[in-house]
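Remarks on the structure that follows.
Chain IDs A, B, C, D and E follow the sequence of writing; residue 1 opens each chain.
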């Protein structure tokens, strides 16, 4: 699924065996991998491609589509002055993605936030609990099937 | 008598996940619940501190007290309406947030913004930086006990807010930058207002420095405090002045210039000491650089339209709207249902006063964003709290927290 | 007047001293002890020892006892458990105390009459040799050697305290 | 001993002129005894320490009384030295208490018995 | 009998004046800091906010005194009482002027007087030591407040204050001892009198300038220690509101809360008076009467009056048209009183004493508006590693110089 135009890109090349999809839009490179490969991809990105910083981790809920959730990792290389977006998908029934905290410690809070707002479980995370919402909160507000209004509180 | 060790105070009973007594070492420690209502946590940050005497053994920040669901709200507002939400995220740097949101949407739309609007954006973004840094310096100084600096800084901030009010009609929640340009053309007499400010500001910064920079107590309280290694900072997602105070020259204004920042002559100051004092000096220097940028923007402000030439996206003039049918239709359509944005996803990062603020915008081709993720700099910076303050004294916690310059609205969104 | 002040402050002193022994919480004990010391300072004044009275307040009540209070607060020592008290101390100690008090009283009364024309009286203002000047003169002439020895003792105490406090940190 | 022919009127006259030194000494003895009682009965190491201070104070009172009796300043100096020693003792003693507490987490002297056996 | 009556009158007078002073010291502090910070300060209640202290007092008295359920009630209530008690009692030993003689007067057929009395409540030979002793007891109020509140912040405030006060008492005592070496008295009145006279005709014999050992350094040390003893910035760690929220008085409200402030301001007045008496020559004027030092007071007051009248004529606000001339007249009246020959020997020493105390109080306020706060370990390090050795060295050198000269 990697388009021809991106075959020569060094970042795509480094992740060629893991990537399931890649695109280059709006001057931004996006590479998608399977959930089980994402940690390995991140590790390569950090070590081989010198992306020192994980800028953010977040999710996107594509409700009717299955696998429903996209988990999006934004990375920045200060040395190379470039940015990269990694993506993986998680199914709607039991969304689970391996944690990135072993590679980037900054993923800790971002994954907690994603867990809190989307209900995506990051397996292996040291402290998987809500961060924004109160502890006893039911539901995950950023899911598309979570109502905007209503007597939820 | 209650027992001071462990969490026995009734206020402590909830959310005490991480901090507990470490009786194993034989030391009796005390858990101090700092915040969410504490004068030095600048809002509603809660810190659980485990203390041995006055030394912090373990610190666990607890956030989320100001979570307002802004990201969810973006999804039910049209693109243009979303601008008003961004002000509320980081209420000390509203225009930076306006800017990143507009830039992201404009990237998706492929809009070309006129020079005039771009320069105004730069000028006001730098004013925002000054505004934010002034509040930071004021609160940081009063945290360390220098209370006069607080009022001196607010004196200048007041002037900046007046300038904001002049441009946008609002002091804090300006929403002045809109997708496609600016909300309003420049007000009459803005040059004089800005020039008055520019003329006086440099000497005012000297005043603050005179009170603090060489003050023995100030240096004693700030030098060597709040050290965290550069590797840890990168690993924990810290951005902005904290990184630059560690010697890493990273600034989106230089690295990936946006809104014609490349046309301005300014330096990105860095320091290497990587402590509270270095961050203080760095921010003061940043204020001087912002002053320089504002001066250039004032002197070289190009003339032109304040909005892009994109009839379906920007609101037409009142004049045209009342004379031309087409404009009236556009106006009606934009106001009632917004405009469609092509499908795609972008991540736009700019340099806010606090660090990298990023806007990840996903569009599904409708009038409303499918998903907006806000990468607030405070959220990333706050992750380093534990690392920053463990092993220091309580008084250093105040100094170190102050040097991070976080805004809880930005953290919790 | 003398009698009134003596009785008043003697009562305060004894009451506070009893309170030191009976109070369960160390802070209460410490404050009772401060009360005793303050009352004793007034008695010292009556006895013409004005300098010592001031030193009593400054050093004893104002410094040593503050140190006690500081340590109690620092350790957050709770109220004492009553049942821990040793029965041997109660059975053997209290009679022994009575005997002690008796011996003291006997000795005192053999040397000094309790009351009567022969008794030497304390009247405020009789004895004025307790000023700073007299004490200073005696201290730096007659008692120079003990003074120096105590200063060395203090030095050793400081060192000891520092060593004890330090050891714990390492 | 109480002299048998003690006339109440004489007593009142005497007391009008001043307080017998003996009474001060008696007070001193009472305070000392109370101190000893506390020393024996109390289990809290800090309180025990305070009882020692109480005893020292009692002794100081007798020193001052004797100084008054003999019109000499030496008693004051002894008191002075006692205070100095008490200060030194408090510094070291409290440091020991702190260390003991950090190591044993108790202030009960019955539980601090590692020197037994 | 007459002693009791005179003392009661003096007691009532001093209490009234002192309490008013404490209330207005707060007003002065707010005004001074406001002007340092380019703002107005209290200006709503009464002209120039002059009735603000009254309003504050009424507010504090009528507020509900909250007794938190988790405190140790006895000590919680006793602590502010102790703090105020020890703060106020030391004032009674401070002489603030020479004396006054009430001439013989007749009421009905009886003849009274003449009565001679001094401007202090109690004149003792141990004045210096007494003030020291009482101020050393003052720490109990704060420590107990911190402990009994059963609050972690308060406890830390209490701990900090007890450690801080013990530590700073030492350099303070040493700094006091140095001028006493050359004066040779512990009586505060004698100390002040001993500093009369001028060398070379114009350098006053104050301890700070005195031959053979000018006590300049011990004055500075004393002032630094005084800042620490009164818990003022830069040593206000026990109540550091940015770290410990409010430290030892975080659980207090209403009058119990106000008591601590009263105690703090009373302590400020006491230490400033002590500094004046010990180092700045008490009520001895800055230069000899022969050169017209008696004219200073009337001139200053007349100048203030003239300024008030001038501003009253060119008012910034409509209200000033009335208030400022009234103040001007009051100032002129005071100036006339200061220049009135029979009152000069009584008022002039008081003027000089109060002027010096006022100046030192102004320094306290000024510093508060300027400096940041120390950290706890820096504070202790400063006391033990710097202040204490310097005070000791100063004492040794003074002793040496005094011995050399005598």
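Rule of thumb we're sticking to: a contact is a pair of C-beta atoms (placed from the backbone, for glycine too) under 8 Å apart; a residue touches a chain by one contact, two chains touch by 3 or more.
Just so you know, these numbers come straight off a predicted model, no measurement behind them.
Undergrad: Where the centre means the average of the CA atoms, what chain is farthest from chain C?
TA: A
Undergrad: Hey, which chain ends up farthest from chain D, C-alpha centres compared?
TA: A
Undergrad: Between chain pairs C-D and B-E, which one is joined by a greater number of C-beta pairs in contact?
TA: Contact tally favours C-D.
Undergrad: Mind having a look at which chain is the central one, using mean CA positions?
TA: Smallest centre-to-centre distance to the global C-alpha mean: chain E.
Undergrad: How many angstrom lie between the CA centroids of chain B and chain D, rounded to a whole number?
TA: 66
Undergrad: What is the distance, in whole Å, between the centres of chain C and chain E, each centre taken as the mean of its C-alpha atoms?
TA: 33
Undergrad: Quick one: report the Å distance separating chain A from chain B, using the average Cα coordinate of each chain.
TA: 25
Undergrad: List, in ascending order, every residue of chain C touching at least 2 other chains.
TA: 51, 55, 63, 67, 74, 76
Undergrad: Considering chain D alone, which of its residues make contact with at least two other chains?
TA: Each of 102-103 in chain D touches at least two other chains.
Undergrad: Tell me, which residues of chain E touch at least two other chains?
TA: 155
Undergrad: Quick check: in the complex, which residue numbers of chain B touch chain E?
TA: Touching chain E: residues 1-2, 4, 9-10, 30, 32-33, 38-40, 54, 141-148, 150-152, 155, 211-212, 215, 217-218, 220-221, 393-398 of chain B.
Undergrad: How about chain C: which of its residues touch chain D in the complex?
TA: 2-3, 6, 10, 13-14, 17-18, 20-21, 26, 29-30, 33, 36-37, 40, 43-44, 46-49, 51-52, 55-56, 59-60, 63-64, 67-68, 71-72, 74-75, 77, 80-81, 84-86, 89-90, 93-94, 97, 100-101, 104-105, 108-109, 112-117, 119-124, 126-127, 129-130, 134-135, 138-139, 142-143, 146, 150, 153-154, 156-158, 160-161, 164-165, 167-168
Undergrad: For a test of understanding, state which residues of chain A touch chain B in their complex under the given definition.
TA: 25-26, 28, 30, 52-56, 58, 60-61, 72, 74, 76, 78, 81, 83, 85, 104-106, 108-110, 113, 117, 127, 129-135, 141-142, 146, 148
Undergrad: Given the complex with chain B, which residues does chain E contribute to the contact?
TA: 33, 36-39, 70, 72, 150-153, 155-156, 233-234, 236-237, 240-245, 368-378
Undergrad: List the residues on chain E that touch chain C in their complex, please.
TA: Within the complex, chain E touches chain C at residues 75, 125-126, 129-130, 132-134, 136-137, 139-140, 143-144, 146-147, 155, 158-159, 162-163, 165-166, 169, 173, 186.
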